[in-house]
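Two complexes, one shared chain (chain A), two partners (chain B, chain C).
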Partner chain A sequence: MRKVILEVSLSIILSFLIGYTTLILMGYDATKVFSIVIREGLSNPTYLMIRSTPLILTALAFSIPSLVGVFNIGGEGQFYLGALSSLLIAHITGNSLLSIITGMAAGGLLSVLIAVIKVKRGVNEVVTSIMFNWIIYFSLLYLISTYLFDPLMPYQSISVPKTARIDYLIVHIQIPAIFPIAVLTSLVMYFLLYHSALGYKMRVVGISPKAARYAGFDPESSIILSMLIGGAMGGLGGSLLILGHTHAIDSTMSGLYGMGFAGIGAGLLGRNNPIGIILSSIFLSMLIIGGEAAELRARVPTELADALIGMIVIVLSAPYIVRLVRVRR
Partner chain B sequence: MLVEMRGITKVYPDGVVALRGVDFEASEGEIHGLLGENGAGKTTLMRILYGEIKQTSGEVIFSGKAVSFKGPWDSMRSGISMVYQRFSLVPTMSVIENLHLYLSSLQSGIRIEEVRKRAEEIMERLKFRVPLEANVEDLAVGVQQRAEIMKVLLSKPKLIILDEPTSVLTPIEIRELFRILKELKEDGITIIFITHKLKEVKEITDRVTILRKGERVGTYETPSVSEEELAVMMVGRGITPAKRGAPSLGREVMRVEDLWVRDDRGLHAVKGVSFELHEGEILGIAGVQGNGQLELAEALAGIRGVERGRIIIDGKDITNLPAEARYREGLAYIPDSRAVGLVLEMNLVENSILTSLRDFLGKGSRIIWPLASSRAGEIIERFNVIGSLRGQVKYLSGGNQQRLLVGREIIKAPRVLIVSEPTQGLDLAATEFIRSTLLKFREEGRSIILISTDLDEIFELCDRIAVIYEGRFMGMGRNENFTLERLGLLMGGVNA
Partner chain C sequence: MIEDIVSLTSQALVAMIPLLLASVGEIVTERSGVVNIGLEGILILSAFISSLVTFSTNDPYLGLLAGALSGLSAGLLHGFISVYLRGDQIIAGVGFNTFAYGISILGLINTWGHHGASPMVSKVPFFGAPLYISPLLPVAFMIAIICWFWLFRTSSGLRLRACGEDPRAAEAMGVNVLRMRLLATIIGATLTGIGGAYIVVGWIGQFTRHISAGRGFIALAIVALSGWNPALAIAGSFIFGFFDAISLYLPVKIQLINPGLNLTSLSYIFRIIPYLGVLIIVSFFFRRGRAPRDLGRPYIKE
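The block that comes next holds the complex of A and B.
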């Protein structure tokens, strides 16, 4: 445990150093940029919580299948589908709970489809995931600009009716209710993974399919189950973002795009541990928000935050490489 | 002296001291035994000589020159070759293609006809045959090993290091290997023979160096030391082999009728096996690795489907029950691989409940971890496992892993225990511990099916012995009715 914390902190520090040096080499005032990133990233806790919410869930969408040995790169598509189906149900029924359930079911169904194709036909999940990501992305784009646009504001979709919106949990200290939902979900996932028979079986399958077979656990059902849960998490992420924050999807989908992929980074940084994921998602959201501010205030490229996150993930994998080399020598 | 190693110390990056100032020497044209338990540092020492790993300190002198090899390719040029426990042949290629591949790395551009000519020359001179055109995967293990030896001979080595070469062979194949080794010696090649088997040291070596816990105990002329003396030097104390008491057979607990099982490739691996098992009985299944033992064990445990036949425990047909249900019916299985029986990247507590998960669940299928911890503690105490509860199992030594695995299954007090190669790769002390544990289990009136390629183990533990060859029982009978020779013939598929 201590080693994990050490590795994660080291990788963050190292990637910051690399980012810092790069900024200086590019002629920016790196100290100023970093102070903007951190100060602005933390300046509005409410906004930070809102931005962290979908990230926590897409990170879970990646990490839970990952513990079972499945590389769910389809969080993006599951996230879109969750957002869309939630929006539709909210629009029709005006009920937030129903809308959330639909969002989770839609995400879960999509990922189960990917898992079943993998298990029954041996098709690599990465390939099908990416294909589904794009299919859903363009379908969604098409639907929003043709059937689902708001006649009064054609640059966005129909919106979530007031009755279905999820507002502040405690209004006067501005805690958006979607954030505690995400945190709670994460804790439930922690319990599921580390304190339930189901989670135990899933982890055994992920670490050693042979040992799982020996113990009489069915690897296939664990794979499908983990994908179902993962997909449901992705769907929930989309659902909560729509119901609790954006209330509509803009016709370029810029509000949704990339959230599933960012979740992969958050999952890796959180070491696939649901509690680690809560922390890593907040941290990465801070970088993203700060990066946006730095773009405006210090004119650094938009990609700064992305590059930093990418760097953290790369550096994080360094200990594995070191270990690999050590074992060989 | 052909080889001189002086004051070799090896400290691995994780701080483990594998060798502590070891001196070693081998003279030209001798067969030199390197004897020690697992973890004594035998293989590490030889990998240093072979240039595969670097010593932390100390010097290596080969043919009178101080050397520091950059890697195996470097040492091969100087005339050192090593034959590993696991062969390095490409299974889907023919023997001659493998030989060509190997030699090409030393002499680029060499033609396959040239390789064939040299190989035939060697076979002529040393009087052993390898089917050059056959695919490696179709060959018996003993023949594969001969191909491997042929391979290293092509590079005209002065020194061949053999790492536990007999561990996968039948008695007949071992005899053939020893004959070849003597031919090589006649030819002036020096051989270092790594082993932990005392008999083999006595039989084949001229001199022997004993290592214990990374230190050299001594080097002796082989005829001047007895097996008992060697054992004491290797282990550090005397070992008393477990004694099997007279059998007291109870009623029949298990019956298997005409069992047919397919392997992963869909071929029949078990072809009509039948037997019965009684209370207080150990039934040994002897055979060369890969004759259907794995498939038989997995079918009995419920991990692998049965094509035909019946498995009955206590009068109840369990042929179609899945593994988890069979474990609940009082069956336990210890597989031959610790990487299968244990989840190496989980801790001791998590591993303690792998095959009896249901016993540790509370409401809502919640795992009661304190209960699991106390079970793990119990296993550690009763079976002398040295390790911490929260540490990953992969950091345990092989012996401790095996104790954990055997302990976990025995502590469940199953009625029938299927155990496969329980002492493979273990040192003498751990081996005797496991064997006496199994015998004690038998004394309690429980039943064991022991699958083993180690004939000493089979003779030491089993009340009845069955020999499996190509998926069939070649013979079955009481322990006293078998001799080593007869067992060897049956294992080789010869009726005797």
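The block that comes next holds the complex of A and C.
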């Protein structure tokens, strides 16, 4: 536990230091920028909860297959597909539950396809995931600009009808209902992974496929199952964001873009543990929201958050760095 | 019709160069036992740095050099993490992709105050009209052939491949596995950096937000399809360069025939072609079991 905390805080400190230096080199007032990022990132708890929701789910989309040894970096595409199919079903039926189920099914099917190509054909999931991400990205742009645009507001898609929107759980303290749904899902995943026979099998496959086969577990079915669950999480993320917050997709998809990739960072920072993921997603959402505020107030591009998250992930990739620090001490 | 084929082939020859440089570089890296999926990040970072250098010096060749140097530094970082820090190579690569995207766009906006693209910069001129042939095309072909010769016909190439197949045996042969892997990672990333710089100074003429557009991952697909053979990567790069060319050519052609259509939304659907092509070809033609045996695993000396 102490080691985990040390690794996580070291990665954050190092990435902040590098971000700080970069900002100074580019001629910004770095102290001011970071104080805006942290202050504004935490200033509106309701908004923080809304933004953390999709991140928790795309982080689970990455982390659950990751425990089985599969690299699902297709969370981005699964998230888009969940958002689109939820939007369509909500528009047709006006029912939020049906819409959520469809979103999860769409994300799950996509990731199962990636898993099947991996298992049956031996193709690395990283390559297929990215190809699917781009295919779905451009398909969505095409669909929104040709068929699904709102005739009154052509810069966005048709929107979720009032009956299918997910509102506040408790209105007067402003808790958006999508946030507890994401937290609860994460807790369910925690029990599934760490306190069920199914989760045990999956983790054994992740640690040693040979040992798993020896114990009579089928690694291939664990891989496919973990991808099904992961993809469904990604789809749920897209679904909740569109039903609970954006209600439509803008024609450049800027409201969706990057959420799957940020989820990889959140998953790794949360050490692939669903409870850690809740915390890391809130932390990274703070960075993202703060980054947006810094753009308005200090004219620093929002991509600062991407650079910081990327740096955190790079440092986390090598736990050995921590050992170097320890030896020096 | 003939005209179309000539112009498509010419476009394919332009589009294949970054794919060829990146995939040949990655083959060298992976043959030594290191995976670098940060190719996408290297492409975007080196494209940005080279547009910056070319913009301020007006010399596209200096831009190419700057791209190579950015690739080299990225390779040094990835090699250090993968080889000496025994890091998770896939995670380091994913992190680098996000970092490189963030830092390049930060630089784009900071330098030119524009969110989408840099101003046009001077380019390495094409030759061989009516075809458009970049001087980097023969260079990239030569690099591929030289790498093939090095890996499969020289003793230092054999030593490099031994590091990827069985590092313990390589060590017993007297090879410094750690140093060889670091070197191979740096070479691979440097070639990818030249590819990224070429997209700006040899092809598009400016840096844009989505300039790499998944080409780093397409190059990874070429590596696997070629069976880790630099000579076969030439064919793979041409095929995917051709898909790239079709995806840019068809919407323009269709709009010429039917001017009522909206070019922007039409081009979205054709942009899918290269990715769909990769997906289909990889799923049907990839033969498993030819990857270097120790690929992606850190080597721990006893």
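In the analysis below, the second predicted complex is superposed on the first by the 318 of 329 C-alpha atoms of A that agree within 3 Å, B and C clash if a C-alpha of one lies under 4 Å from a C-alpha of the other, contacts with A are read in each partner's own complex, and residues count from 1 in each chain.
Throughout what follows, a residue touches a chain if its C-beta (ideal position, glycine included) is under 8 Å from a C-beta of that chain, and two chains touch if they have at least 3 such contacts.
The shown structure was predicted, so the numbers you read here are calculated from the model rather than taken from an experiment.
Legend: residue contacts after superposition of the two complexes on their common chain; A:Phe71 is shown touching chain C, with no touch to chain B.
By the touch criterion defined above, A:Val204 reaches chain B but does not reach chain C.
Touch criterion met: A:Asn124 reaches chain C, while chain B stays clear of it. Touch criterion not met for A:Ala266: it reaches neither chain B nor chain C. When chain B and chain C are set side by side, the one touching more residues of chain A is C.
In the superposition on chain A, A:Gly310 makes contact with chain C only, while chain B stays out of contact range. With both structures placed on the common chain, the touch criterion links A:Leu141 to chain C but leaves chain B unconnected.
On the side of chain A, the complex with chain C involves touching residues 22, 26-27, 71, 73, 117, 121-124, 126-128, 130-135, 138-139, 141-142, 145-146, 261, 264-265, 268, 300-301, 303-321, 324.
Every residue of chain A that touches chain B in the complex is listed here, in rising order: 195-198, 200-201, 203-204, 207-208, 210-211, 213-217, 326, 329.
Per the touch definition, chain C reaches chain A in the complex via residues 37, 77, 81, 85-92, 94-103, 105-107, 109-110, 115, 213-214, 217, 220-221, 224, 262, 264-265, 268-269, 271-272, 275-276, 278-279, 282-284, 286, 288-289. Residues 13-14, 53-54, 301-303, 322-327, 333, 335, 337, 339-346, 350, 353-355, 357-358, 361, 364-367, 369 of chain B are the ones that touch chain A when the two sit in their complex.
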